[in-house]
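Have a look at the structure below, then the notes.
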Amino acid sequence: MSGHIGHALCVQIFGESHGAALGATLDGLPAGFRVDLPALEAFLQRRTAHRGGELATGRRESDKPRILSGLKDGVTTGQPITAIFENADTHSADYAFLPDRPRPGHADYPAMVKSAGYDDLRGGGYHSGRLTLAYAFAGGLALQYLAAQGVRIASHALMIGGVTDTPVDPLTPDMDALQACRTFPVPTLDATAGERMRQAILAAKAAEDSVGGVAEVVATGLPAGLGAPFFDGVEAVAAAHFFSIPAVKGVAFGAGFAAANMRGSAYNDPYTVADHRVVTIKNDAGGLLGGLTDGMPVVARVAFRPTPSIGLAQQTVSLTAMEETTLTVQGRHDPCIVVRALPVVEGALALALCDLWLGRHGDAPAEATDAD
Amino acid sequence: MSGHIGHALCVQIFGESHGAALGATLDGLPAGFRVDLPALEAFLQRRTAHRGGELATGRRESDKPRILSGLKDGVTTGQPITAIFENADTHSADYAFLPDRPRPGHADYPAMVKSAGYDDLRGGGYHSGRLTLAYAFAGGLALQYLAAQGVRIASHALMIGGVTDTPVDPLTPDMDALQACRTFPVPTLDATAGERMRQAILAAKAAEDSVGGVAEVVATGLPAGLGAPFFDGVEAVAAAHFFSIPAVKGVAFGAGFAAANMRGSAYNDPYTVADHRVVTIKNDAGGLLGGLTDGMPVVARVAFRPTPSIGLAQQTVSLTAMEETTLTVQGRHDPCIVVRALPVVEGALALALCDLWLGRHGDAPAEATDAD
Amino acid sequence: MSGHIGHALCVQIFGESHGAALGATLDGLPAGFRVDLPALEAFLQRRTAHRGGELATGRRESDKPRILSGLKDGVTTGQPITAIFENADTHSADYAFLPDRPRPGHADYPAMVKSAGYDDLRGGGYHSGRLTLAYAFAGGLALQYLAAQGVRIASHALMIGGVTDTPVDPLTPDMDALQACRTFPVPTLDATAGERMRQAILAAKAAEDSVGGVAEVVATGLPAGLGAPFFDGVEAVAAAHFFSIPAVKGVAFGAGFAAANMRGSAYNDPYTVADHRVVTIKNDAGGLLGGLTDGMPVVARVAFRPTPSIGLAQQTVSLTAMEETTLTVQGRHDPCIVVRALPVVEGALALALCDLWLGRHGDAPAEATDAD
Amino acid sequence: MSGHIGHALCVQIFGESHGAALGATLDGLPAGFRVDLPALEAFLQRRTAHRGGELATGRRESDKPRILSGLKDGVTTGQPITAIFENADTHSADYAFLPDRPRPGHADYPAMVKSAGYDDLRGGGYHSGRLTLAYAFAGGLALQYLAAQGVRIASHALMIGGVTDTPVDPLTPDMDALQACRTFPVPTLDATAGERMRQAILAAKAAEDSVGGVAEVVATGLPAGLGAPFFDGVEAVAAAHFFSIPAVKGVAFGAGFAAANMRGSAYNDPYTVADHRVVTIKNDAGGLLGGLTDGMPVVARVAFRPTPSIGLAQQTVSLTAMEETTLTVQGRHDPCIVVRALPVVEGALALALCDLWLGRHGDAPAEATDAD
């Protein structure tokens, strides 16, 4: 089992990169919620290769969901919601090096071992970043549901190719600015940083190489007390979602690894009262104390390794000959996946928070609610 | 629900810091496995305050498990294994500031909100690091089971109070050195780094303050192909365990956040053949490719924030008066929890890997196997 | 959440009777298993209305799965297997009485209340027996996987409309006879009983009424020791599957309710040794002792209520007027669903046993294995 | 794994009959619920051997829970609630026939096979009915929580040793009468039936034999719309709980197996309006339509096989000699477990309904609520 996650709100994904279609089922969203389908499709378009343009793979898919179930007249029925995405533009011939010569940095080799050779690795198969399209469909629904509860989630590219954007203000993040920069070639708060990131990506592409980066994601409007200590804590649940995104190698909340180098007197966020609410006067905890939201913005950082499929010749092995050999990958690949991954990261956080939200509030429908 | 995790191997924890007792149930370990009880108790002693000595809280508990079920003559029956730990040395009077004045940086405030005031927060209650004793009991069993399969797990303090130890060699980690340094006041590969960390902890303690740090943990002896893409990936499952440990704010595998600043040509670990096995010639992936082990050592880093309970006066609020006030915590607290957390981190990784191992191999007992 | 079941082998179903399509994802089947697709399609045809002929609804659907993922060249990849079934022959106008006038005996009314009116009830929506097509797809795969392990599952109509078939011999069930009778209009061991059942169904149909019945299902070839005490017992897991089939009101194993009226000396199945194996000399336990298989055939009986949608006028209420009224259902409905349900029951038992099997043996693939 | 069940409300049981102690953890009950501890202990006393008197085993245990966690001043904290029960009166010498000579009708033999001989079978070990004490502790808490929501659950012995009690009126069950008869030697609505059941049990006991029986359990006060179609349906979830009770061989809801022999026109429960509520004018569905409550009383019947441990000589095998032999069980055993099982059955239904209830309404605490 590998394609299922969640307790109160469950996601099941399926499909292979070069199979017939991929898709996702989201099970647990209450009845009576009106989905904004154009907004959902626009959300998914943020991770298309079209949107990536010169910064992305040349593979061209519509990435338009065909929703099979769970909605009636655009409103949730309370039953499982499934969407599929047909695969159209596949070049399986580009993967003739498989299964013999696994790509360094990619799941090819362990997937071969795990499946005794039976996995379908063309285009990365089930391991492909393409599966995040299905996952993002589920995430987009969770985002809309949370938005109707007053929770807003947004993200930006904090670092790509060594270029760093202005971090969000963890106390009063500028959500409008984050939302506005979505249309930039590289979404950043500081447009010049974004332009330099774009140049870094193009430079890597020109060198037939790739770069990684860090996404920063923020959620506002959460009440205090969501989550739980230990295994159903926001950190544990959200990290499980983040690390499910292929290519993620690090996750941190609030001050994150920097918190490890602070003293308690500097790290602890002092409380005060504002507008009859308990708030903190800074937010190094990233809105999370021991698994629980404290009512301040939740801030997380997600580190992506560079794309493993590069044009440069790489040292690998021939599994049939069991000897070293060289591999030059010909297929179409992203020189950097961080930009296209931003909606995936937002959706991952939304799925984690929405799962905990529904566990707290149940799935009984109120009056019909709208996404907006 | 908050105290349960796992699929093939499940842990349920329970208890409050100042309640009658705490404990854990581990459900799923195959029958016929001989547990090394002295080794298990020694493992748990690595996280006692006794062991921490001058570096730890003054609370003195035996931390000796009373095993209620699941073992017969020291061998697993295949049924749930439960141990409890009685609480003896509690000073509940030290927590008179609760529930009115929540500690900054601690779960006090959101726990109050979540429970509408009904949570038992004395000594941190269920949110206390003391619960990691129960969790470590389960983790210690998983460690022994994996050891019988040839998997070794060890850790050290990579950073405390700004002092950094030599990182492990991710390709050929010196497991014996890691094991040997367990008895040091601060377990480090470089003893001088450990001594400087000790000084940093004592300095923070003298200032009635606290420090955080980073643990590095390694697993060797794993086959390629363990785990799965996405939600049952090693990264997702292990991160859920790591982030369940109170105080953890960041988790990274392999090169982690540094990987985000590498090019693919530098990051990808080239394959070669050695002794008829496929291996990599470096290990920036930390042994993990898209959720799957690649057969190389698994390397993770876990960042801990400083202990929130400090002697220095801190700004907080009175929840009854809804106004700012000052809090000086009198209780007994650790100036740094990283050292005591090392076995907890090892146990967390063991539970994650053992869960995936049993999902792969099932729970049918082979011949009786020993921990050693 | 309602569409997900399983631990080691998971099923997620989705779809509505009059929606675009329905389907299922089966997650957990090991890689390297060759699926016999013609046999799978033939299995699904056993529950089609075509097959039911004069005994079934007039709705005509091909019920041919479109497999989207998880198979390559007919062999499992180890990743989630999803199939969808398009809906083609829907007469939504027949359901104009909904949502105002709920059908007695059907889930219409509670589904309306649960969903605050947002559920899609046309043709029964997600509550329809049509969803068992998706479920049977998953069940058919589990059946084939178990068959490769030497486990055979078959069923017959034990009772319909007051007519009773010869029960299977629980010690040495004639699996070939059960398999042979699948093609009968009503599958029975005693062909004359089947013919009388057919007459009973036609008589009910002529009266615009419906009848219920009992299915008996048997599994042979199971080893002793599969399952667990309590919650993962074969009885608990299989009953959860059986009762998930719409219309099931009773489930019994072995002597079932009759066992309640036996003395221990009569009920207990004495052991003996035959061919160096421990066996019992009778099988009132139905092959199950406290959640565990004992190595004898597993025998279960599943009771179906009559179809609620009948042509006769029935008393119901108008939910808008909140007053009594009369309902005459016009749509196309089965006068008895037991015959079409037989493969669903077989698949349900297979899913339960296969889930426990994989939990015991893991999902590591052996050599490629075949369905036959 | 075998000791865990539930989604929103989870139970973990542990312990062996002749081990140190047994117990249960209930995880998921909202904070702020005042538990009536005397009532809980009284509930557990209904399944003690003391209560059974001449009708029960001679083993004498206090069966008084030691609650370790999750309650503060008798009110739930929202964290896991664990209780343990020490084992005191064990006669392990009575089980010298194990592991060589398994008892017919008992889990001895398959448990030996499953565990490769490592299970602890003294007194039935983890397979013992004694474990239902721990399970009933969890069930008793769920019962109290549901009672605070207006849901009442009660049961009686419908049949023992061939003697049948008056069934409950499924439309207007006399809950007070069911509650009143709890103190009878055999709880029945018709006291003379109970007396005849008592005689039947004593007759079986005198003959060193045992009898089985059927429990009938009812829940009132449930709203319409609880549950779900398919896998989270009330029938599926409740049946998983019922069949987890050792000795249960059959479960039916409403008319159950009799429904299979009714026509739809007779079976379907017509709707009417009473006091501005939609109700049915009879209740053959047992309050359940396709997994969902319809607002009428939920009625279930649970069939128990006779106790397998009897004094009469029985045919079994010697597993070491692999040949037939005779077994005479000397230990202390119940001649009938139905009477002591009644609170277990009530608790099982309560756990199933409370799990679904919390999934629907969430675990956010309202004002502190009381059990009464």
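Chains: A, B, C and D, in written order; residue numbering restarts at 1 for each.
In this text, a residue touches a chain if its C-beta (ideal position, glycine included) is under 8 Å from a C-beta of that chain, and two chains touch if they have at least 3 such contacts.
Being a predicted model, the structure only gives us computed values, none of them experimental.
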Task: If a chain touches subunit B and subunit D alike, it appears here - done: A, C
Open item on the list: Centre to centre, using CA atoms, which chain is the farthest one from subunit C?
Closed with: B
Task: Averaged-CA centre spacing for the pair subunit B and subunit A, given as whole angstrom - done: 26
TODO: Can you check how far apart subunit A and subunit D are, centre to centre, with Cα atoms defining each centre and the answer in Å?
DONE: 45
Open item on the list: Using the touch definition from the top, which residues of subunit C touch two or more other chains?
Closed with: 1-4, 7-8, 13, 79, 114-115, 126, 229, 359, 363
Task: subunit B contact footprint on subunit C (complex, rising order) - done: 7-8, 79, 229, 358-364
- [ ] Please name which positions on subunit C make contact with subunit A in the complex.
- [x] 1-4, 6, 8-10, 12-16, 19-23, 25, 27-28, 31-32, 66-70, 72, 75-82, 84, 114-120, 125-126, 363, 365-368
Task: Residues of subunit A defined as touching subunit B within the complex - done: 1-5, 7, 11, 13, 102-107, 109-115, 126-127, 131, 135, 159, 161-162, 204, 207, 209-214, 223-233, 235-237, 239-244, 246-257, 259-265, 267-273, 276, 278, 280-281, 285-286, 289-295, 301, 303-310, 312, 314-317, 319, 322-324, 359
